[in-house]
Every structure is written in C-alpha cells, then in structure tokens.
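Everything below concerns the one structure shown next.
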C-alpha cells in the first residue's frame, strides 16, 4: 500500500484527521492511567488480613453506664461465647482488621529515642486472640493467661508483660534477625522494656484507605495482653466453625442479651462483610473508572465510524473511478485501513506521551504511583486495534461502491 | 432571525439523523459522566455555611514543637489540627473572641424509658452554648442551654429531631429527660434537620456523616469522664495514667472554633493567640517560639483536604472524557457542515452574509448542545443512582442533584458544544458564494 | 443598471497570474435583456460571479444600480446581493431539504421582511411562474423545468433590480427549456433587467442584445451582428 496518495488525501481532510488522532491520544492517556489505577485499587482491596475472614465474627458490645464489675462481665461473656455450638474460640479486642479505626503506637529500640523506629497498630487481646482471629503464630509463643491484665480505657496506662508482633513489624525492627526474646520500648520508654514473646505471620492494621493513615505500615501490628474495659464500644471476636458464621451470630446475640440487657450490640458482622464495607468506595471507584473507560472507547469508535463514513460518502465518485480503473475491493478496504492506521498511529504516539505526562503530573499532585510503561504500550495497542475495528464497516461500504458509478454524473 | 435559524437547525439535524444522533449521544454521554462526578465533587467542595464561612475560624496551637515527627518537615502550616485540654480551657477562659467554643466527639448508650426497648448507641458532641448561635443551628423547639449551664456543668441536652422522633415519637419534648449511661439529662432544645456538608466543624472522622444526635455541655462531659470518640493524638507522650492525667497531658483531641466578625477582630485574635503561645514559652511549657494559626471555614476545608484525591482524579478523568466527546461531536459537525457546503453557497448567493451563516450554524451547534444536555441530565440521574448503589453510605449522601447542578449541566452542554462548533461554523462561513457557479 | 469599466480580474497561483477578465467594459441599461456569450474559458462565468457580487475584482470600476461596489465589505455585498440581484443557476441550486415555498422564503428571510410580507411575495412569485399549486412540494418531487421555475420564483420574490442567469436551460430538455425561456422573455416584457450567460447561440438570439466575450474581453459585436444571427438562423 502506498502512503503518498493517502497522506495527500488526509491533508485535504486535515482537521478531521487531527480530531480523530487527538481523540485517540486522550483516550489512550485516560485509558492506561485509569486501568493502572483500577489494577492498583483492585490489588489494594484484595490484600489479606492474615485472619480467617469468612469465619471470624465481630460483635460490637457497649455496656450501659460504667458497671464496676466490667472485668467479670467480660470474662462471663467470653466464656459463654466460647461455649456456643459452632464456635472455635472467642476473645475481645479494641478493634479488628478492616474496621477503619484503631490505635497506633511508635516502637523504639532504645528507651529515650526521640523518633520511633516503627509505627504499629495495637490490638488488645488474651491467650485466645490468635485462635479467635485465626492468626498464625510462626515464632515464639502465645500469651500465658497470667500475663493478661485489665486495661480500663485508653487512659489506663500500664506496661504489657510482653507483646506479639507481626512478621513485617519484626523485619522492620530487626532486619534479618530474630525478634523473639528481644525487647522494645513504646511511648518514649514510659512503660519500660517490653519483651517480644511471639511473632505472627500476618495481621493487617485496622485502616484500609489507600494512601490514608496506616497505609505506609499496613502490615505492622502488635498484640498486647490486655482485657480492654471501657465505656467505648469493644469487640468480641468469635471464630466460628467453617460455614457457621450466620448461625453463630444469631446464637451469640441471643446469648449476650440473655446474660444482660444493659448493653448495646450495635453491629454484628463477619470480616468478609467488613471487607466489602471497607473497600466499597474503592470498588465503586473501580466500577466508575471501568464504565468511563468503556464509554470512552465506545464514543471514540463511533466517532471514527461517523467521520470515516462521511469521508467514504464524500469520495464515492473517486472510489468508483478507482474501481473502474481496476482497484480491487481489498485495495479499497486497505486504503481506509491504512489511512486509519496512520491517524491512529499518530494518535497513539501523542497518547503515550500524554499518558506518561498525565501520570507524572498526578504523581506530583495526588498520591498516585508511577505508571508502568507496559500500560502505555498495551493502551496503544488497544487504541490501534479499536481504530481498525471501527474503520472496518465504513471501509466495507466503500468497497461495495460499484465501478459503474464512475460513468454516472455526480 | 433566531427563530428562523432555530427552525433551520432542527430541520438540518433531522435531515441526517444518524450523524445527529451520534453527535447528541456524544455530548450527552460526556455531560452525563462529567456532571455525575461534578455533582459529587460540588457537594464535597461545598461551603457548608456560606453566610458565615469568612467569620468562623478553626484554631491551631502547636503544643508539640518543631522537632515532632508528625509535623511535615519544614512545612510550618502542617501541625496538629486539634488542641490539648489545657489550651482549650485556657482559650475558653480568655474569651478573646466574639464567640468561642471547645468541643469533642463522644458517645454513650441511651436507655429508653420504655423497658421493652433495648438501649442503643448515640453519637454525642460535647460543646458550649455558643455552638448553636455560632453555627446558626435551626431549633424546632426550645434552644441552646445557658452560659450558666456551662458554668454549672449542668445535666442538660439538645437533641436532634430524628432522635426525638425515635425516643419520644416526636412532639415537644422540652423538659423531658433522656438516660445516657445511667445519667438523666434534661432536654432544653430540639434541633431541626441540620447536616452541614461537609461537617466542617469536626473533620477528623466523619467528613460527610450525619453528625451527633445529642449535644451536651463540654464541662458536664469532662466531669462524666466521657472519653473522646474522635481522634486522640498523643505524640508518643501519653501523659500520666487516668482521666486527670489525660486532661493534663499534651494529647490533642479537642476542636476549637472562634467567631471573629471583623478583620480587626481577626487580627486581634491572631495577636492574642501568639501572645498566649509566647506566654506558654515563658512559663516553660513550650520550648519554641509561638506557632499558631487560625483558618476560616473555606481555608480549613482546603487545608483538611476534604475532597479526596480519588474524586479529583475522577473529575479530571470525566472532564477529559467530556473533551473527547466534544472533539468527537466537533468532527461530526465538521463533516455535516462540509456536506452542506452546497446549500451554504446558495444561501450566500441569495444574500446571506458570513455573519448570517455563522449564526445559523452556531445555533445548530447550540441545539445539539441543548439536546445533548437534556440527554446528559438523564444520564447524570442514572449515574448518580449508580453511584448511590456503588459507594459507601457516607459518600452516597453527596449524590443529590440540585437545581444549580441542572443549570450547570445545561449551560455546560450548550456552551461547550457551541465552542466545539466554532471551528466547523467558521469553516461554513468561509464557503464562497461563488462555489456553486464554479462547481459546474 | 450594470456598468463595468476597465474591469480586470486576475487569479493568482504560486507560479502564474492569469487574467480571467482584462480591461473589461460593459453597460447594461435598465430593462435590457442581454445575452453574454463566448467560448468555454472566455471569462463568461467570471463576469457573472463579479456582476453578482459573488467575488471581488482586481481592478477597474463596477457600478450596480448607480452605486460603486468597489471595496464593500462582506456584509454590504451580501445585502446588495440580497436586495438587488436575483440568481438563476444552471443547476437550479434549490435547497433540497426545503420545500418550494421555504426555498423562495430564503432570500426574503435574509431581507428581513415580516411574515405577512413574505407570504404575499411567495404567493405572488409562485403565481408568476405558475406553480402556486406546488408550494409544499420538495424539489425532488418536481421536474427539472419546474425546479428551474421555482428557482426563478425565488430570484423574483425579492423584486431584484437585476436578474442574472447562468445557462438557465443547460440542464433541461428542449421543451422545458422553451418554457423557461418564454418565462424569461415575459419577465423582460414586464420590465425586468436580465443578463443571461450562455454558450448556446439559439438562446442568445432571444435576447435583445448579445455581448461576446473572448479571452476576458468584450468583442465588438456591432461589426458582425448579422453574421452571428445568420449563422444561428441556419442551425
């Protein structure tokens, strides 16, 4: 296929060709940045929490007033929950992964260190917590029951007998070394030396916002051996036998209200539900971007169909003459496809540049990551294929113009 | 002449129905996408209290000092957004502003009088009487508690209409009591629906949420040791154990607002704050020069980054999409107009000036824009419906279409399409009247 | 009515400058019916486009109805064209998506007449060309002769001072052509000034006077009027 006649024909339809090329360029720029964002968010919202999500039930419990016997009530509730059929284990905590709210502390290697070595989210719990969440202890030991003490609200400040930390946190604190048996300091050393007694494979922080609080240390969590007693809502973490979460929720609610009605059970849910809620806006963003991308491709291809059809109509006589002079149908189709390839090629080149600069700009303005060049290339291929597909119908129509047209008057 | 051009435009659009449908669809889809995101964006970027947003100021005092890790390196503007109890009480006592309030978010279990009903959780805002006149909250019945109630740590409460309906089945409940964690509070006021969006006065947790159901005197909540349910930030130094320890600590957890009606008042308050911080330095509490800020509502919303990056990106993407749609419509308009060059040549020969042709084609573009805008409105409604099902409840609250949004959609559609039509129209006006004679 | 003196029109390309009209002078008086003839490429059409204010000229003077049109801007030229000139094209140039009365309406709209005036003029013009019954037909539903009569009605409706016709029968068969020509003659008898460009000598003789253009200049026909007329009579 010779390019020269195509180029000279395009020169006469300059603006139309430019419009299509620019459309394709912008389409490409948006497409690959959006796909990149979609991929990132999808990946973000799929990160494991380290818990047995479908079978972990969370029951938010809030006592009415500040009963003096909170400790006994908590122990009673937990014993009752553990005795329910279908329950593997139960514990209480101040928060849970995917909840969106929790507490952070800074861990230091030295007592008087001004700036902490690593931030970490705190989960309060007892010797049942690992089993209740379905966590995996990979080094050291679980808490002993005699290590568990009551903590009455966040203002009740006391040193923990020991802590269990996640592997990610252990690696941040002691790169390459073993954490079990080592000690750290919290709150600028106010609690003294705290021994690390165990390491769990994984436990995500409660916050889930991409780029939000906690996103920089999302795998750094620790367990403290406290029974958290508070006028705040606290959470019972109940590990159900596989597939029995729904029954356990019903039974647990009934049991708790049988024990005492002076409480509020604001919500009960499995961590699977908590995940759906936590990432709802991320999922929404993904769907919106996907819809916009699909519409973008549709609009661009309809635009190509419309404009090419017009060009075909405009050149009917010319095409008839070409046919009369011996051009085959394929030659006519190829003509329009080559023309589109040239336009789309130009659009793709501009588009790749635009995509990269758009991304760089967004990296600067927003908390966005650097675009993988693979996306730009993939986007370019999508745009080129789209152009070829869109031009096919008008090209076929052009090919069906009879050579006899040349002999008729305009 | 407008009517004539309008008629011509409709006729011309009907002539080539496929091109017309493509153009209108392109504009409509673009408007639909951009207006859907713009509606949410506008709700996020909303001025929640336009009549006073330049008179209400959030107060910041740096009680941690410059070498705090949480202060962005070198950025004097980035420091803790809440106050410690020490500073909040000091500023309340100083009364340096026309009005001022300290407040924090807390909560409790409310036990209904009817023993058949289970207790439920309520969100509470602990604040001062001036909260209500400062933020111009609408009262359905009663009013704010008195300054004496603040002073006396009184067991009084203002509740929302929604809570009144839930607990008392509506009606005038002034004088009745509610039971919060086994303490009785006397109702002095019932607020009509008041949900400023965004909830500018406390952006720590629920930027677009419903807000508190109950308002209590700050002094009473402190007495009751009702802990903050919002953000508590202690910068490593959590202070001494116990409630009293927390009150004496440098932990920040209290929002502080001042009403400063005049520029002079604003300046005076700035000076006052700096003097206060300098005094704290002299007393040995702060080891750094005074570092304070006050920001009015709009500055505060911008500073707190109320519109998240996601939505900025979404608006950017959807407006780029609109641009593509307009380029598309522009190409189609160009094709359409050039296909009609013959008619235009005849009109020119029959006495139509360039300006007349220009006007005629521009009105045609405007008609496409109008039709596209109407289609876009429909698609926006669908889009918002879609968002409501896709997004969390908090953001779903922002998916409501106002009259202003409708106006914006139509004007945007017509103006943008007309702009896109400028080039094709200019080309049309360049058609020579002689063309038809020559073409033979 | 129409007076061109020493008028010239040059077309410039990158390489050459060619004169379509050179030192061209013509005077058409009020009420005259003039045929402009000449071989292909002689400048007939250029003359017509300039006479119809469709194009500007390079040099010389052109007075239309006593007014000098040199240097007028697009608005003024459009206005003059609209008020003073009626065009009759070879290809009729009806606007295909407007029906008969809307086609005739076009110049009246640009003229700024009110609705009643426009309706009156449309009816009158249609009556003139004998197509009152077809006012709501579309061009495609009419024969070539009828289309050309609509075009004439459109040219007449604004009561122009001058009718410019470009091969008005060129796209018509003999019988239809005769009808159109009869109509032009009738208009002439009623006092219209008509300038008709044609390469058809048979048409030219129906005019009152013939102006012959060769190579962009008027050839003095006074020297050889008989000859042409005789030659025409013999064909």
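For reference, chains read A, B and C in written order, and residue numbers begin at 1 within each chain.
One rule holds for everything that comes next: contacts are C-beta pairs under 8 Å (C-beta built on N, C-alpha and C of every residue); 3 or more make two chains touch, one makes a residue touch a chain.
Every value quoted in this text rests on a predicted model; they were computed, and no experiment measured them.
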| item | value |
| --- | --- |
| Interface ranked first by C-beta contact pairs | A-B |
| Far-end chain from chain C, centres as C-alpha averages | A |
| Centre-most chain, if every chain is reduced to its averaged C-alpha atoms | B |
| Centroid spacing, where centroids are CA-atom means, of chain A and chain C in whole angstrom | 74 |
| Centroid distance [mean C-alpha coordinates] between chain C and chain B, Å | 67 |
| Interchain centroid distance [CA atoms averaged], chain A/chain B, Å | 25 |
| In the complex, chain C residues that touch chain B | 45, 48-49, 52, 54-55, 74-75, 78-79, 81-83, 87, 89-91, 93-98, 106-107, 109-112, 154, 158, 166-167 |
| In the complex, chain B residues that touch chain A | 18-19, 22, 25-26, 29-30, 33, 37, 67, 69, 107-109, 111, 118-121, 181-183, 205, 226-227, 229, 232, 234, 236-243, 245-246, 309-310, 312-314, 317-318, 320-321, 323-325, 327-328, 330-332, 334-336, 338-339, 386-387, 390-392, 395, 423, 427 |
| Chain C-facing residues of chain B, complex | 1, 4, 11-12, 15, 342-343, 345-356, 432-434, 436-438, 440 |
| Complex contacts: residues of chain A adjacent to chain B | 15-16, 19-20, 22-23, 26-27, 29-30, 33-34, 37, 62-66, 101, 106, 114-116, 153-158, 187-188, 190, 211, 230-233, 257, 261-264, 266, 277, 280-281, 283-285, 287-289, 291-292, 295-296, 298-300, 302-303, 306-307, 310-311, 313-314, 362, 365-368 |
